[in-house]
Amino acid sequence: MKPEIAKLGYISLVSADLEKSLVFFRDIIGLEETEEKDGVHYLRAWGDFQHHTLSIQQGDRGHVKHIGWRTKTKEDVAAFGKLLEEQGIAVDQVDAWKTPGIGESISFQVPSGHTFNLYFDVKRPPVDEHRRSVLKNQTYKSWAKGISPRRLDHVNLHTSAESSATYSFMEEVLGFKMREYLISDEGNVLAGWMSVTQLVHDVALVSRPETPTKARLHHISYWLDDSQDILRAADILREHHFEFVGPGKHAISQALYLYVTDPGSGCRVELFTGSYLIFEPDWQPVEWTESERSFGNTYWGDSISKKELVKETIEAL
Amino acid sequence: MKPEIAKLGYISLVSADLEKSLVFFRDIIGLEETEEKDGVHYLRAWGDFQHHTLSIQQGDRGHVKHIGWRTKTKEDVAAFGKLLEEQGIAVDQVDAWKTPGIGESISFQVPSGHTFNLYFDVKRPPVDEHRRSVLKNQTYKSWAKGISPRRLDHVNLHTSAESSATYSFMEEVLGFKMREYLISDEGNVLAGWMSVTQLVHDVALVSRPETPTKARLHHISYWLDDSQDILRAADILREHHFEFVGPGKHAISQALYLYVTDPGSGCRVELFTGSYLIFEPDWQPVEWTESERSFGNTYWGDSISKKELVKETIEAL
Amino acid sequence: MKPEIAKLGYISLVSADLEKSLVFFRDIIGLEETEEKDGVHYLRAWGDFQHHTLSIQQGDRGHVKHIGWRTKTKEDVAAFGKLLEEQGIAVDQVDAWKTPGIGESISFQVPSGHTFNLYFDVKRPPVDEHRRSVLKNQTYKSWAKGISPRRLDHVNLHTSAESSATYSFMEEVLGFKMREYLISDEGNVLAGWMSVTQLVHDVALVSRPETPTKARLHHISYWLDDSQDILRAADILREHHFEFVGPGKHAISQALYLYVTDPGSGCRVELFTGSYLIFEPDWQPVEWTESERSFGNTYWGDSISKKELVKETIEAL
Amino acid sequence: MKPEIAKLGYISLVSADLEKSLVFFRDIIGLEETEEKDGVHYLRAWGDFQHHTLSIQQGDRGHVKHIGWRTKTKEDVAAFGKLLEEQGIAVDQVDAWKTPGIGESISFQVPSGHTFNLYFDVKRPPVDEHRRSVLKNQTYKSWAKGISPRRLDHVNLHTSAESSATYSFMEEVLGFKMREYLISDEGNVLAGWMSVTQLVHDVALVSRPETPTKARLHHISYWLDDSQDILRAADILREHHFEFVGPGKHAISQALYLYVTDPGSGCRVELFTGSYLIFEPDWQPVEWTESERSFGNTYWGDSISKKELVKETIEAL
């Protein structure tokens, strides 16, 4: 039986200006800090159930170190290691708890050039009394500060790697299901929205042959429950002098979006709600042609197609 | 004592394609029809209390015939007539009920070139049982069809008339209070948001020396109660193949907006919510400089500054 | 390998007054009709992807005939048949397309007394041009009429059957995962919220030893995207003279709710949004004690604990 | 010409536990503090334009000292003084700036027993850079903390005074217009919703012959822009262990409500949105009969009619 990924776990981010990044993610976005260790800050949203969904540390330049994914079982970690080595992919073993909250894991580069970590074991730290939700099924009190999203949703990766091998690997080796995709007139996949969960995407992978380095990150995304939360986010961001793109609605994924960039790391955050869930076991991926790209990206609202602002990506290697 | 205007009453609109306009205003916007008489359709929103807030009839070209304003008292109609004639302005007497629901009125041209009708007496027709709200303080059931705004909010007029005389007339003769305004580096008012009510504006008047005819209409506006209603409106419009500008938020007036154009008349409709009320009797008009125009127009969201779409106006004479 | 259920499929409902039920579900709730065959009406929401999520037909009394569940693979249907027979449960084979849109299925009674149908094959009928969404990933235009929910969410079943055998069967034979549960001081499960999907529940099963017949239905639930949609639903329902319970928020599942009853069948519908998704593969079910039942049911808002209105259930056999 | 009141100004509140009240109003409700002087804290919402809309100080028991109303002109203050004395009502002159931000005023008791202060002159203190809105037409940044309402809306007063004289005084002497009212089968006004603005009510006055002292306060109300803001408020309140009534919708005034009580003073706060504006100069007050009282109070949602919680009032003298 093939090993399986259960969910997106966390993003390990390096910032060129840690203080700015912490103000952005803690005070403006409104994430909670689980702990700080060896200069790395571990953050999560009020409805995230694991140790952290984002880590940030100081570095020379803003970039993503790796992206963590939790497997379905403990055995899946080793099974993925074996499977990847059979594919000729170098796999590193990472000691348990080296990353706080994360047990034994394996680390490797996907063909798109991004580093993924796979793990199963996790620690769930207790929450301080004054920050803990009165709800047993919720981690922190909601609405404590800033925009206050519920949980990590997905990542959007760009790559200059050859398209078909990359998407095949994601589907065949890692088990992602293609949910929606954009196809060129020549029949190449230009972008794929893929998931192991019932979300439309845990990861979007965009083919960008022209990108300066192979593996890049376009954005990470946090989920909010209601459309109006996105409008409230816009107010909060403007009051703190942020530029952003949105609000608008994607046709692809049907999600309401707002994109804003962490001034410390250059990492873009998509505030995200709406969208739909896929329960059908035989889902037929929705195909969008090149001529539908603009409509697919912007069903209505402030357009992500036309803005220079959204073309920037940060390195993810 | 000076006569006073109480409120914006209605817009009398001519459409080059009446059928298209009726589909737009009745099915998409979701206005109710009070009555049809002599080919003129009288419409209003579910929370409008008067006979109609919009009339539409077939004509050669889309344009606004006149804009109706209700006075505070019956005596104010004649008093305004006298006052206007003292200003050298030609005043026509209009027979009561010539416009269904509207009593005796006077008609005249403001310096901006727009025709205003002033009236006090109104008829309030009974509402059909199946369309009547169960609420005693509400006219029709809400949410019966389409976007379903609550009530008429304001009009936005463009003019090539000389700026200072026009704004002075609005304030000194008609009693509008300037609430916010945009001023050129030379000290000319470029746009004024004015009201007789506690809204920021019942009328916005924009100085456009370059406009092809003197008196034009940029949009009429209907109010919705909640921000999400604007997002729902965007969904409804796209499903029916409409292009639009928005959603976005004005800095001036703090309102959430979406602009869409009636394909029959070319009349633009602003779907509008948020904003603020002015209760202070000594309100100091908020001044915005030319360099702040773009910020003033678009605090965030889909920009009205950059779109050709919103530059179009229809004749209002 | 054990067969698996992928998702809740549909509810087959019998109404004592079909006309009333159709007005309720089509005009007030705002479901679309896929087809009518042999006096049975097949309905679904604008975001449902399958043939129907609700069928209604005339009968002597309002009751649920059976509840359909789609399996993960075609082979799972037969595999479940075998598994159930091994458990000593009688299994009926149902011919393909006997129920429009639904292929070969098996029918059986779960220990709670409810009849479940398991199927995999489905037909996806084309949608009329004028009702079809402009979005490729959405079935119908949203907001066409009434409350307009997105999709079927879950069912809530009551039973007088012995508690522990019932919950064990759901988990061990059918593969439902317990997500949250309510436990008596004596250690009996009083209610369980269980899912095969990442929703908190596809089915809630409530132990009611005092219930007049063994298998009953408390409600079926349709999902709306935004909290405000529930408030808009309240307005629509009152304008049409419906009594209801809500809006309120459950602590268990964190969902915003409104309960209203179809006057034809007596079937209660929960309009539902908010809640959370479970991606953790080792989710620890959240336990609520008897003393927390009221808090668990009503975190805030119009209380379902105190209302006679919500105690009514209809037969489900 | 009769003097006129322009608007509700502020409530002067005494708390039995100042610290609790400050936590409630500053951190939970989210009001901003303009200044603290002589132990009195002056607060306002982010969209209030005047010095303060609420003052709180320590005292032996929670009660309202007086309610401030701003007049339309400076001359109106003296003119009201004269008018009141002609009615045989004792009028006190209050020195300018004795209450910070408030100029010369007069103080008197209305027949209902409540003390009103009338003033025109105000001071508008500058706002700290880091709390000031980037919007020129808004006082503070919105959404800085807690529930974050926009502005003071209205007060709801209870009295055991004889009904008809009380309502007559409010209308004839103070110039309030009756907008909606509840009438007993014997023809006595039981409650009146009255305004000098275009709101349905700046003050509601409820006749309660059984009340222990003559003049009492049921609630003060702050306005929020969107319905969802009320639901977010409910979440915030529960997370901080507050009991409350709502959300629900009044038929009278059409407003969405949530009632929560300051644990320091016992002063109830209504969080309020929706409702409608009255622009018609000849508005006919909407009459509700005794049998419609429950429907009038609770159109839907958590009922204010049935809850002991909302029967409590505090003294207002």
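For clarity, chains are labelled A, B, C and D in written order, and residue numbers in each chain start from 1.
What we mean here is this: a contact is a pair of C-beta atoms (placed from the backbone, for glycine too) under 8 Å apart; a residue touches a chain by one contact, two chains touch by 3 or more.
Please read these numbers as outputs of a predicted model, since none were measured by experiment.
Repeated interface: C-D and one of B-D, A-B or A-D share more than half of their contact pairs by residue number, and that pair is A-B. Across the two candidate interfaces, A-B and B-C, the one carrying more C-beta contacts is A-B.
Averaged C-alpha coordinates put the centre of chain A at 32 Å from the centre of chain C.
Rounded to whole angstrom, the centroid-to-centroid distance between chain A and chain B, based on C-alpha atoms, equals 45 Å.
For this pair, chain B with chain C, the centres built from the Cα atoms lie 47 Å apart.
Residues of chain D in contact with at least two other chains: 226-228, 235, 238, 299.
A complete topology is adopted by the chain contact network, contact being made between every pair of chains. Chain contact summary for the complex, chain A toward chain B: residues 226-228, 231, 234-235, 237-238, 244, 246-249, 256, 299-303.
Across the complex, chain B is touched by residues 133-134, 141-143, 145, 226, 228, 232, 235-236, 238-241 of chain C.
Across the complex, chain D meets chain B through its residues 1, 6-7, 47, 49-50, 70-73, 120, 135-138, 150-151, 180, 197-200, 225-228, 251-254, 274, 276-277, 279-281, 286-288, 299.
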